[in-house]
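Before any comments, here is the structure.
Going by the order they are written in, the chains are A, B, C and D; count residues from 1 in each one.
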Amino acid sequence: MNTRYKQRLAAILSALALVCAAAFILGQKVHAASGASITGAVKLSGTAPHMKGIDMSKDPYCVKQHENSPVKMENVELGSGGGLANVVLYISEGLTGNEASAVPSEEPTFDQKGCMYIPHVLALDVNQKFKVITSDQTTHNIHPLPAPGSSNIGWNKSQPPGAPPIESSWKAEEPISVKCNIHPWMHGWHVVVKGPYAVTDDNGSYTIKNVPPGSYTVTAWQEEFGTQTQKVTVAAGGAKADFTFKSK
Amino acid sequence: MAKFFAVTIFAIAILSAIPILRHTWWMAPDISTHGAPIDEQMSETMAEAGISFLASQLILGLFIWKFSNPRSGDKIKSFPGGAKAMVWAAFLLVGTEVLALGVFGAKAWANVYFTAPSPEAMPVQVQAGQFAFYFRYPGPDGSFATIHPDLISEANQNFYGIDADHDPDAKDDIVTAEMAIPVNREIHLLMHSKDVGHSFFVPELRVQQDFVPGLDLSLHFTATKIGRYEIVCTQLCGLGHYNMKAYLSVLSPQDFDDWLKKQAALQ
Amino acid sequence: MHDMSAHVAHHAPPTSFIRKHIFSLDHKVIGKQYYGLALIAVLVGMVLSWLMRIHLGWTNYAIPGLHFLSSNGAPGNVMTPEYYLQLMTMHATIMVFFVLTTAPFAAFGNYFLPIQVGAEDMPFPHFNMMSFWVTFVGFVVLIASFFVSDGPTLGGWTQYAPLSAVGAVGGPGEGMGVVLWASSIAIFCVGQLLGSLNFITTTLDMRTKGMSLWRLPLSAWGWFITSCMGLTAFAVLMPACILLILDHVAGTSFFVPSNLVLNDQLQPHAGGSTLLWQHLFWFFGHPEVYIAIVPGMGIVSHVLITNMRKPMLSHRVLIYSFGALAVLSYMVYGHHMFVSGMNPVSSLAFSFPTLIITIPSTIIVLIWMGSLYGAKLHTNTACLFALGFISMFISGGVSGFFLAQPSTDIMLHATYFVVGHFHMVMGVAAMFGIFAGTYFWFPKMFGRMMNETLGKVHFWLTFVGAYCIFMPFHYLGLAGNVRRYQAFANVDYMAHLVPLHRFITISALLTGASQLVFLYNLIHSRFWGKPATDNPWQATSLEWSTPTTPPPHNNFGDKLPEVFHDPYQYGVESSVGDYVMQASPEQVSSGHDEA
Amino acid sequence: MATTVHEPPRIEPPHERSRLSAGSGNGGRSLVPADGDLRRIKDYSPPPSATGIWVVMASITMSFLAFTSALIVRQGSASDWHHLTLPRILYLNTLVLLASSIALEVARRQVRSFMAGGRHSAAYPTRWLYITLFLGLLFVAGQYFAWLQLRAQGLFLATNPNSSFFYVLTAIHALHVSGGLGGLARVILRLNRSILRQSTLDATAHYWHFMDGLWVYLLLLLWMKL
């Protein structure tokens, strides 16, 4: 293999390593040492669809966890100023093979707390390891349902209180719906993408870090409203891309 | 050895009978209008079963006590009356016994299942699925929206596959995870399963009925006592079977209306 | 084809180890093989029940090392709900099919039916050998399902459709697990059909001179009637399993109705009938209960008579009652489906025969007890287990009254009451039959006596233990405790029953452990027990007239015995004592009548 | 009955047997000669194959009754019960199978007279047995063609309940017929080695005719229900 490639790879890997280290130390407030980043906000225009309340009465334990805060569906989470949470943003075009194939080393956790999934949407890189943990004293079963015919293989495992975390990863790009059969209202997503990604926070803002300069197509995915794309050109100073979903 | 055996049998027989007689573990008190004959039938059966149980265990023990450890001298005797006596005993005692049970039992059963619900019975729909019950009240218009299986989605809390956009009946349907009914009002329960076999069991209501996928079954009952009871699934339906339950609230008519309003708001 | 000369020709005793001990045509070896299979199966089944009981008593207690059995089923040694159900299903399947059917029927029947009728083998030895090895394959296939990706099926031994037929979408083990289960059972059916064929023809065609049907011992009658039941019952279960497998692998819809939605996915199947499976299954399922218990009844009667030193009040009435049980058992299966949405009228139609079936059962019990009157009872271990059988059969029987009536069944259906009922009447009782048979026939099978003291210890622990385990089940049921739950904590009205469950768990562990006494006794006596005489119990039937103990390859040497007497000539004065053997020409005034 | 054993080449005359007297009664009747010589028992107790074949037929009957009730119940519950026109060839197959039974009967007569010492070559009955065998094979092949025809119509095992039942019933019946073919082959083999027993032939014949009747029943069932 040629040296240029080697150097590039080394650069990326070191960058990744740095980012991880930084992330490890500074938690969320990290700014990537190298590589620019794409930032922006996702908003919802029009009236937000009505989110039904969730009645957990079949399992008293779950009810106890939410005694003084009624729970609603999380399919559409509106933050202050119409910001749309739980939107996954990723680069769908323009990445060269090796940025795409680089797999982040950190292992996000998918927690079951108060009979809800935290986070509701978990974005993952292809082959990125993740942990499913439970903070509840009731048994859950985790049942990801990849689309029929996808190369991801679905599974259905129970996690009694005190059971160790379930470690796993996904082979192919795909938004995978995750449910708990024991608590039918429990519903979340594993959104598997290639390359750098970000998930909007409660105000709908996001930052995709470590994007080398170049021109890309950024895609925003939302479980109810589907996807939107934008072409962006990333300079050294990074780039901005806002999205607006229209509610029906 | 044999005497010891006899004593053991006595002990076991009596010890087993005590919790039954003291009702240490017993059926929950009946809150239904149709339950009385069932309870009656239960205690009659218990009496007859208990008597046959104790009697035969004691006789068994007695004979073992008396006729074991033979000395070489004594000769065997044959039971006076021989086999004929036994056959007659079986036919007369047990025959009449089970026949009586059968007939009264049939009455109690008919009382539950051969009567049609009265026209003003309140319709409530229950759908069983892995692993929860969901209930549906028709709302003011008194008609249920059509179920579209392809629209059923727990992710969107559309448990009944209601087509809210096009179905006029859909707007006021009330779907709940908990069942509430007004006290002393006959309920006409319309049962169906969305996936596999389940069952609807409320001990206090003296009601147990399977959900049979592909069949629409119905029950009717009247609860006579305000309180909060449990509906459990008794038909193995999968890994969450043990956790498939719902609460049944029997409310005063006033409370029931309030409850219904509250639920309507949550839709 | 098979006539006797053929047998003589080909029954030169085999010499090679394989033909002698593995692919043997000798009914005695095959009987022992069946016994061995049952022994392995019962150990597996018992361990499974321990795991279940521990989990029920102390939910989410980490059982050390459990994750070695299944890392998915027991992450961090904590049993998952699906794994509990999978263990439960396997426990039931193994016990019902590979223990309660094989041991009292196939094992003892194979060994002693030909000897008791005075034949030197079954008419179709090759079928007999196949019958065992096919059954063995069935067992292997069943066990194999422990090792497929998401484990064995969790559908319960009744495998109600559509849960059993929708495939993997129904939950862990509902895909490959069910296919393996159904295949295993279908294979098992083939084995038992071959066995029944041999049993029936042996009884009808192979009886020696003077051995009329009425002169057959009660044990032989038990096996004969059972084989007739097996012939019809298993012939119905097999098609059901085939259809179930097709629903899985071929995408047919025999048992899966339209418009099922699982995991928010609309299922492709259409139009199937879920009740169809229940009808087919229970048409087999109820006779199966009697397939498990009738051989036990026969064995127990046989053992009792020998130790009472007097015949039953009536040989024939007992046989007629066995027959009545067999016939009625086909008319009552609907009582398993009272709450299945069957037409309420047919519920009543099934209720009455079910109640009526108590009459032959009562006759049997009364004749046993009436015969005890005036007996000279020798309470050796075999006899104790026989008596224990009666006690258990009574206790398990009376609870049938409740389940036979739809009105009371409403309260008890699918509760622990049912579990207690069938464990006592077909589980423990049948087990006691097996034990009685073992202690009684062991000397003949292995030429050595079993240790009486250990035997009695084993009996007391088992007898008391069994009551401690299964009596409380009835109380739980009355309190509305639903069966097939892996935990009760989250149902308020069941939560307070957990202490009783713990008591049951402890009893189960102790009783289970006490079976090791039996196991030790079995193995130790096999090699070091004191040598047995040809007729240690001074019994009359033909298995005690064999020239050697254990019997030679063709059972009776070069001459078949001739039968001169009814099977149970006790309480008479003869040259040998208070009995006359069937095969001895000695004429004595029989001290009683054969009604 | 697949249990073959080697015995002196000899053809056993048909039994004049009465199982009843051998079985029931109070056992007074002598079933074994006083000397209990095993080689003569066959004269007293009937060859089990005669009983066995009835046992086998009984269990097969039960199985097909189960299938029948399954079909009826399934049809009752079905919203998707489409009519299915049976492939014509089935009727031809039926004739073939019936013919095979007749051929077998002829063969049986031949064998009997041959055993009685009438004819001195086994060739004649053997020919008829071969014809039976051939017709049997023809039947199975015919069934296979019937399946091909259904496939051509786009009717597969899972297409609809009717096709499901058609395939299942015919396939399982064909399986049993193949078993019968094996039996026939065995009969021919033993006849050639002249170690055939009347009982073997009779048992095989019973089974074959039973398959015959079973098929006619199935055909009627399918014709009425599908």
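FYI, a residue touches a chain if its C-beta (ideal position, glycine included) is under 8 Å from a C-beta of that chain, and two chains touch if they have at least 3 such contacts.
Remember, it's a predicted structure, so these values are computed and weren't measured experimentally.
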Chain occupying the most central position, where position means C-alpha average: C
Busiest interface, counted in C-beta pairs: B-C
Where chain B and chain D are represented by their mean Cα positions, the distance between them in whole Å: 50
For chain B paired with chain C, centre-to-centre distance based on mean C-alpha positions, whole Å: 29
Whole-Å separation of chain centres (CA-atom averages), chain A against chain C: 56
Distance between the centres, which are taken as Cα means, of chain D and chain A, whole angstrom: 67
Residue numbers of chain C (touch at least two other chains): 80-82, 171-172, 257-258, 264, 272-273, 275, 487, 490, 492
Junction residues of chain B - those touching two or more other chains: 129-130, 154-155, 214, 238-240, 243, 245
Numbers and ranges of chain A residues touching at least 2 other chains: 59, 138-139, 141, 158, 177, 179, 181-182
Category of the chain touch graph - line, ring, star, complete, other: other
Pairs of chains in contact (touch as defined earlier), listed by label: A-B, A-C, B-C, C-D
Chain B-facing residues of chain A, complex: 52-59, 73, 75, 138-139, 141, 158, 177, 179, 181-185, 187
Residue numbers on chain C that touch chain B, as the complex places them: 80-82, 85, 154-156, 158, 160-163, 166, 170-172, 174, 257-262, 264, 266, 272-275, 308-310, 312-314, 317, 339-341, 344, 347-348, 351-352, 355-356, 358-360, 362-363, 365-367, 369-379, 384, 387, 390-391, 394-395, 398-399, 401-402, 404-408, 410-411, 413-415, 456, 460, 463-464, 467, 471, 475-476, 478-480, 482-488, 490-493, 497, 500, 570-571, 591-592, 595
Chain C partner contacts - residues on chain B that touch it in the complex: 1-2, 5, 8-9, 12, 16, 19-20, 24-28, 37-38, 41-42, 45-46, 48-50, 52-53, 56-57, 59-60, 63-64, 67-70, 74-79, 82-87, 89-91, 93-95, 98-99, 101-102, 105-106, 108-110, 112-114, 129-130, 149-150, 152-155, 161, 194-197, 199, 201, 203, 206-210, 212-215, 217, 230, 232-243, 245
For the chain C and chain A complex, residues of the former touching the latter: 60, 62, 72, 75-76, 78-83, 150, 171-172, 263-265, 487, 490, 492
Chain A-touching residues of chain B, taken from the complex the two chains share: 129-133, 154-157, 159, 176-178, 238-240, 243-247, 266-267
